[in-house]
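The following blocks contain the structures, represented as structure tokens.
Shared between the two complexes below is chain A, which pairs with chain B and chain C, respectively.
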Partner chain A sequence: MFASILASGLAAGAIYALVGVTYNTMFSTSRVMSFTAGQLAMLGGVFGSMFTLKLGMPVIVGFALTLIGCALIGIITEFVAVRPVLKSLDQHLYVLSTLALALMIQQVAAIKWGTEPQPFPRLIGLGSGVFDEKFWLPVVACAVTIIGLEYLYRRTLVGRAFLAIAEDNFAARALGLPERNLRVASYALAGVIGGVAGFSGGELLLAFFANGALLNFYGFVPVALGGLGNNRGAIIGGLALGLFQQAANFLVGGIFSSVAVFTLFIVVLLAAPQGLFGAATARRV
Partner chain B sequence: MTALTAAPARNETRAIRAVLPQLAPFLGIFALAMILPFVSNDYWALIGTRAAIYWVLVSGLNLIVGFAGHLAIGYVALLTLGAYTTSVLVAGNVLPPVPVFAALPIAAIVGAVFGVIVGLPALRLRTFYFAMSTLGFATIVTQIALAWQSVTGGGIGISGPEFPAPFNTAWGFYYLCIAFASLATWISANVAHSRFGRALIAVRDAEVAAEASGISKPRMLIAIFLLAGALAAIAGGMFASLQTYITPDAFTFDLSVLFFIAILIGGRGSILGPMLGTIILTILPEMVASLAAWSTFLYAVLLLLIVLVMPGGIAALLDFRNRRPLASNRAIVPRPAALGDIMRKSAGGRTLRLRGIALSFGNVRAIDGLDLDVKPGQIHGLIGPNGSGKTTTLNVISGYYAAKAGTMQLGDDALPPGMPTLRAVGGIARTFQTPRLIGEASVLQNVMIGGTIEGQATFTEALLSLPRSRRDERMLAAKARALLGVVGLEMLADVRADRLQHSELRFIEIARALMLDPDFLLLDEPAAGLSSDEIERLAALIKAISARGAGVLLVEHHADLIFDICDQVTVLNLGRTLAAGTPAEIRVHKEVVSAYLGG
Partner chain C sequence: MAISRRDVLLGSAGVLGTAAFSLPKPAIAQSEPIKIGFLAAMTGPSSAPTIGFNRGVIFATDAINAAGGVKGRKLEIVTRDTQGDPTKAVNATQELISQAKVHAIWGPLNSGEALATTPIMARAKIPNIHPCVVESLIDPAKFPNAFRMAPSNSQWDDAVRGYCLTILRVKKVAVIGDTTGYGVTAVGASVAAFKKDGADVVYQANIDATQPDMTPDLLRAKNAGAEAIVVWSVTTGMEARMFNTRAAMNWDVPFVGHPSLASGEIAGLVEKPANWEKVYAIGYKSVSYDSAGKLPAKTQDLVDRLAKAKVAMNDTLLWWIAGGIDAVELFAKGIETSGSTEGPGIIAYLNSLSKYPGYFGDYTFTPTQHNGYPTDEIVMSEARSAKNGTFALAPGYT
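Let's look at the complex of A and B:
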């Protein structure tokens, strides 16, 4: 049982962590928490199943098309729901605009794809039992994403520009960085990360329209635990959440695992509002 | 004070005449609801009942979303909770069966408790967290309803409660729901128009100023969460009865979206708007049956359009009063002489005493060992170059920053560091460098915010509009009007604050601060942006305030104003006292002249 908890916990945790990183990637360049994060991961599964099973494409082609589709949704998010409300960030209108877009995505998926969970193909066909690929694929995807992001942020000019904008938007613009284009790029990147989360977790979560709302919440918990914009916090928080949830699932039963996660969420927010790895608040007066 | 509360009878009739135009649309909707059974069929009874039930929930949720500004997007969870609690209690599959009219209040209590639990993150954190916690709660409530088969019947479901005659027919039940909806409207209107409703908007739009007025955000929000949770659970019980049989599928997230969007379409800070929004959204999918599957998509499009195009919602469309142009040549003519009739003469005797106050931000020493005495009845000027720690000193006194060292005393009592909401009780009021007012509220309401803690009535009394609450309202409104007269803005009392000029906002802030009858008034650059005429009038006003026994601490850059009206002046430089004394001494102080005044 311990092995099962570990395998399914790490797998679920890796998916949550990736959704958390999706939130953070959008947040870093725009200071916006977008409800589309979970929907992107949902689309990763739905697109993946659609391209490979429904349309019968090779896995690698389906994967690439999935990522392109998710990146496009990310860019649409930026244009439709984020850019128009950036002027009045303090009014929190982005909560509403991104929620509206997320609901549209979810509803179109429900009507066009169906409201029943649909199967996701076996991608490689490697491993069985607790070493089944559905358990280790998300973990590998999470690790590859982190390494890729670290490389991007540390070694490439675009990545450093992302960091500059995240650190100080005004100063970055004063230096002549194309803030708007970089923001669009970061939303595309977030789309790709969300797509990876959904595609790698497809065998575990299936291609199901309601995964969006679920992952919105379970992906946000690690962000809340780790502090807004903190990727390291989101990864640790995500894996911890996955293990905690699956342990509760195996030990006390399914419904109580979600109650436990919700309680954990509320308790941590009350005890450490800025997250366990977050920074203190800004000046108010 | 006695002059203000006299002749209540006349005030009463005037008050009724003033609210009648606001009341008319509600009476109209009520009249339509009453005649609906005589002009339509059972199909419309179902739709009408549904709209009434939704409104019971939305009327409470509206206080959270529309007034307090917290985005509760998963409120269907509380409807679910109420529906199952009522059904399970009436069916008696856990405890002995309970009559439905006893089960509803129990469900209301359960709903109230969970309303607070879900709301806890909102007490400390930004909007998005609360949105998420309600969303998370909505997710798990459905899962529990599915999995806890012995109680909820799982996916098979459970039958809803049945109401006794005469409420067991379609129209009988309809009238019962209309009665509940009317009651919910009355309650939420009472809260909205009480000092509690205004305080909610103040916390939403001007949180810092609300704290300075002594408004405690957690207490306000918990009261609202209790009320909204109870109303939602009652709506759930009615909903279960309407459905006759409930399964987790009946409580889709689409319902949450409907509730939430009804409020946003209606407009923030309004009751009529969300009510119309609820009715429209309930009827709309029935009108276009072919679009039923796409209803949530349409709601979402509507939400996006409202956010991007019409943030004010229906309420802004219906707000004809604030479209009339204001006179462009208006002048602020304060009447300080009237202050004597309104402001309590300060008991006096207490001195505000700061000793060795120190505060740093990182490596910057903002204040470095400051001593300051503000005596009652005196005007104390605080001047110095930019960054010398003037505003920081005010913020330490009003509790926004806790000093790292030093003591503050108010008379013989220590003034606790931090805790800005306790300052108003201690008789310390203030204004801000950039006026912090509620743009969407009227000038009068903005001023009334300042007297929130003067009210006697409890939340429950306000909820039921009991005599003490009505007396509070009359007292606050009369005092606010009188103070607007003192600062010379009474003709703008009913105008939205965001339509005013900058200088007018400054005087409104002073009127708001005076609502407390403060012993100490902290003014942060009150003359900034004022014309020279206005500065002269401001000077007379400040003198009249200190003549009532209040100690005034004045941060200013206009040296003329400082030297003209101050009894004592302290000059700061780099967080230290450079000089302190009477204006005459400071004017010739060598270092001050070279460091600040220029010579």
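Let's look at the complex of A and C:
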């Protein structure tokens, strides 16, 4: 039982963590919580299944096309749901615009792809039982993504420009950084991360249009727990959420595990409103 | 005698009035087509059954019209695509009744739509046959015009329970459903009925259909000593995950339950074909083949005729096609027997049926019982045995 909790808990947690990082990546350059994050992960599974199973492409080609497709959806999100409402961030119109786009993505997926879960191909064919690849692939994908992001942010000029925009948008612009282009790039990057989450978790979650709403919720929890914009917090929060959820499944049963998860979520937010790893921001008066 | 203008007017009115009352009805009224409305979710997520039913409707209508129609009048099916949406079904029902002026309505084909349209049809007293499972849709006092030609939910429940207790001879069962309204209601009813029959329900659960790992629930069911798992869900993803988990646990417990356990989509979702063995889904005697691969003679005859008419059967279920044929033939016989397209005559005919031999089943209706499908024709099928829309009988049937 313990091995099962660990295997599926870490796998689900890694997917939630990656969706959390997707939220953060979009937030960092726009200050917008885009509720398309879960849909990007859903599309990672749907595109992956479509390219590899339906169209019969090699896994590596299917993976590349999936990431390109998700990056495009990320860019469309920036143009359609984020850019028009940036001037009125204080009115929180982005909640409506990104949720509307998320619903549109979900409905189109349901109509074009179908409302029943579709199979996702076995990617490598390694492992069985609790060591099956469907459990460890999302964890590996999560680790590789974090290492890649750390490299991007710390070692590359573009990454540092991202950080500069995230740190102080106005100052970065004053220094001549192309803020709008960097924002578009960050949404494309978020699309890629969401695509990685969906593709690596495809064997576990299947290619199912309803995964979008589920991942929107469960991906948001680690962001709130870990602190908005804090990727390390999102990773730890995501993995903890997956483990707690799976343990709750074993101890209290499926229908009550969601209740347990959200009870814990509310308790943590009551105790630490800025998230477990977030810093309370001072308000200028 | 002087004839006044008033006399001329009165005389003319009298002549016209007499003519109107005494002249026979124009011949066109007796030769115009008989209109049967068809509320069909031809598109949208719940369109799969409709596509099968529609093939039967077209086949039966063509056959009746080719044989000269009903008392010389052609049948005309007036189809309205409801897209599975109750609102569209309501609009289509009102349009069929008041604009198209149909004589009877077949459908809708899912309970959500039928819950919305049944009261409307009852107010219009229009004869209605449907295959929807929700119990409350049939109430001869409230809806004397509505007849069910497929099993109700409780008949499914009876059949599943009967198979577990009398054929598999298990005493301890786990009952699992999804978290939809249907899943929760069906699990509750099933658990209560099993307990009433003296069975031990050792585990019951409603699982979120998107839950990626079914190990927790199956492990709990196994530890509780379940000898069979009864499933009430329409979610193929969840069902396939349970089959895969059972295999990973090296457990050979049988799954028994909802017809969706035999859905063709599961073939792509199970990790190995063997994972889909020992799964028994609700099926029907009339469309099940025996251990020698033979269908009942009447069904085989229908299959041959359908094949000759080039009706596709490999991508749908035969009972859907057979049900569509039966619905059209029941209306046609009702009009032929009552000699009228008036609603009361058709309803009186349907109320008089006792073991009417349809292709899908032998229907019996009385003025106080409008659930026409016999429970003893509901059987369990081998879930993975689909062949041209028919299934093999599950073990234990002779």
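We adopt the following convention: the second predicted complex is superposed on the first by the 281 of 285 C-alpha atoms of A that agree within 3 Å, B and C clash if a C-alpha of one lies under 4 Å from a C-alpha of the other, contacts with A are read in each partner's own complex, and residues count from 1 in each chain.
As a working rule, a contact is a pair of C-beta atoms (placed from the backbone, for glycine too) under 8 Å apart; a residue touches a chain by one contact, two chains touch by 3 or more.
Treat the numbers as computed from the prediction; the structure is a model and nothing was measured.
J.: Once both complexes are superposed via chain A, do chain B and chain C end up clashing or fitting?
T.: clash
J.: Which holds for A:Phe250: it touches chain B only (first), chain C only (second), both, or neither?
T.: In the superposition, A:Phe250 touches chain C alone.
J.: Go through the superposed model and pick first if A:Tyr153 touches only chain B, second if only chain C, both, or neither.
T.: A:Tyr153: touches no partner chain.
J.: Would you sort A:Ser8 into first (chain B), second (chain C), both or neither based on which partner it touches?
T.: second
J.: One more residue to check, A:Ser258. First (chain B), second (chain C), both or neither?
T.: both
J.: On chain A, which partner's contacts cover more residues, chain B's or chain C's?
T.: B
J.: After the superposition on A, what does A:Leu214 contact: first (chain B), second (chain C), both or neither?
T.: both
J.: May I ask you to decide whether A:Pro117 touches chain B, chain C, both, or neither, giving the answer as first, second, both or neither?
T.: The second partner, chain C, only.
J.: Touch test for A:Ile266: chain B only (first), chain C only (second), both, or neither?
T.: Only chain B is touched by A:Ile266; chain C is not.
J.: Pick one for A:Leu103: touches chain B only (first), chain C only (second), both, or neither.
T.: first
J.: Following superposition on the C-alpha atoms of chain A, which segment of chain B from the set 146-154, 182-190 or 308-316 overlaps chain C?
T.: With the two structures superposed, the offending stretch of chain B is 146-154.
J.: In the superposed arrangement, what residues of chain A touch both chain B and chain C?
T.: The answer is residues 214, 253-255, 258 of chain A.
J.: Note which residues of chain A are touching chain C in the complex, please.
T.: Per the stated touch rule, the residues are 1, 4, 8, 11-12, 110, 114-119, 129, 204-206, 208, 210-211, 214, 246, 249-250, 253-255, 258.
J.: Would you tell me which residues of chain B are touching chain A in their complex?
T.: That would be residues 69, 71, 73, 117, 120-121, 124-129, 131-133, 135-137, 139-140, 143-144, 147-148, 207-208, 253, 257, 264, 293-294, 296-297, 299-301, 303-304, 307-308, 311, 391, 395, 400-401, 432 of chain B.
J.: Which chain A residues qualify as touching chain B in the complex?
T.: Listed in rising order, the residues of chain A that touch chain B are 33, 80-81, 84-85, 91-93, 95-97, 99-101, 103-104, 107-108, 111, 213-214, 216-217, 220-221, 224, 253-255, 258-259, 261-262, 265-266, 269-270, 273, 284-285.
J.: Per the contact definition, I'd like the list of chain C residues that touch chain A in the complex.
T.: So the residues of chain C in touch with chain A come to 45, 179, 205-213, 215-217, 219-220, 235-237, 240, 248, 263, 265, 268-269.
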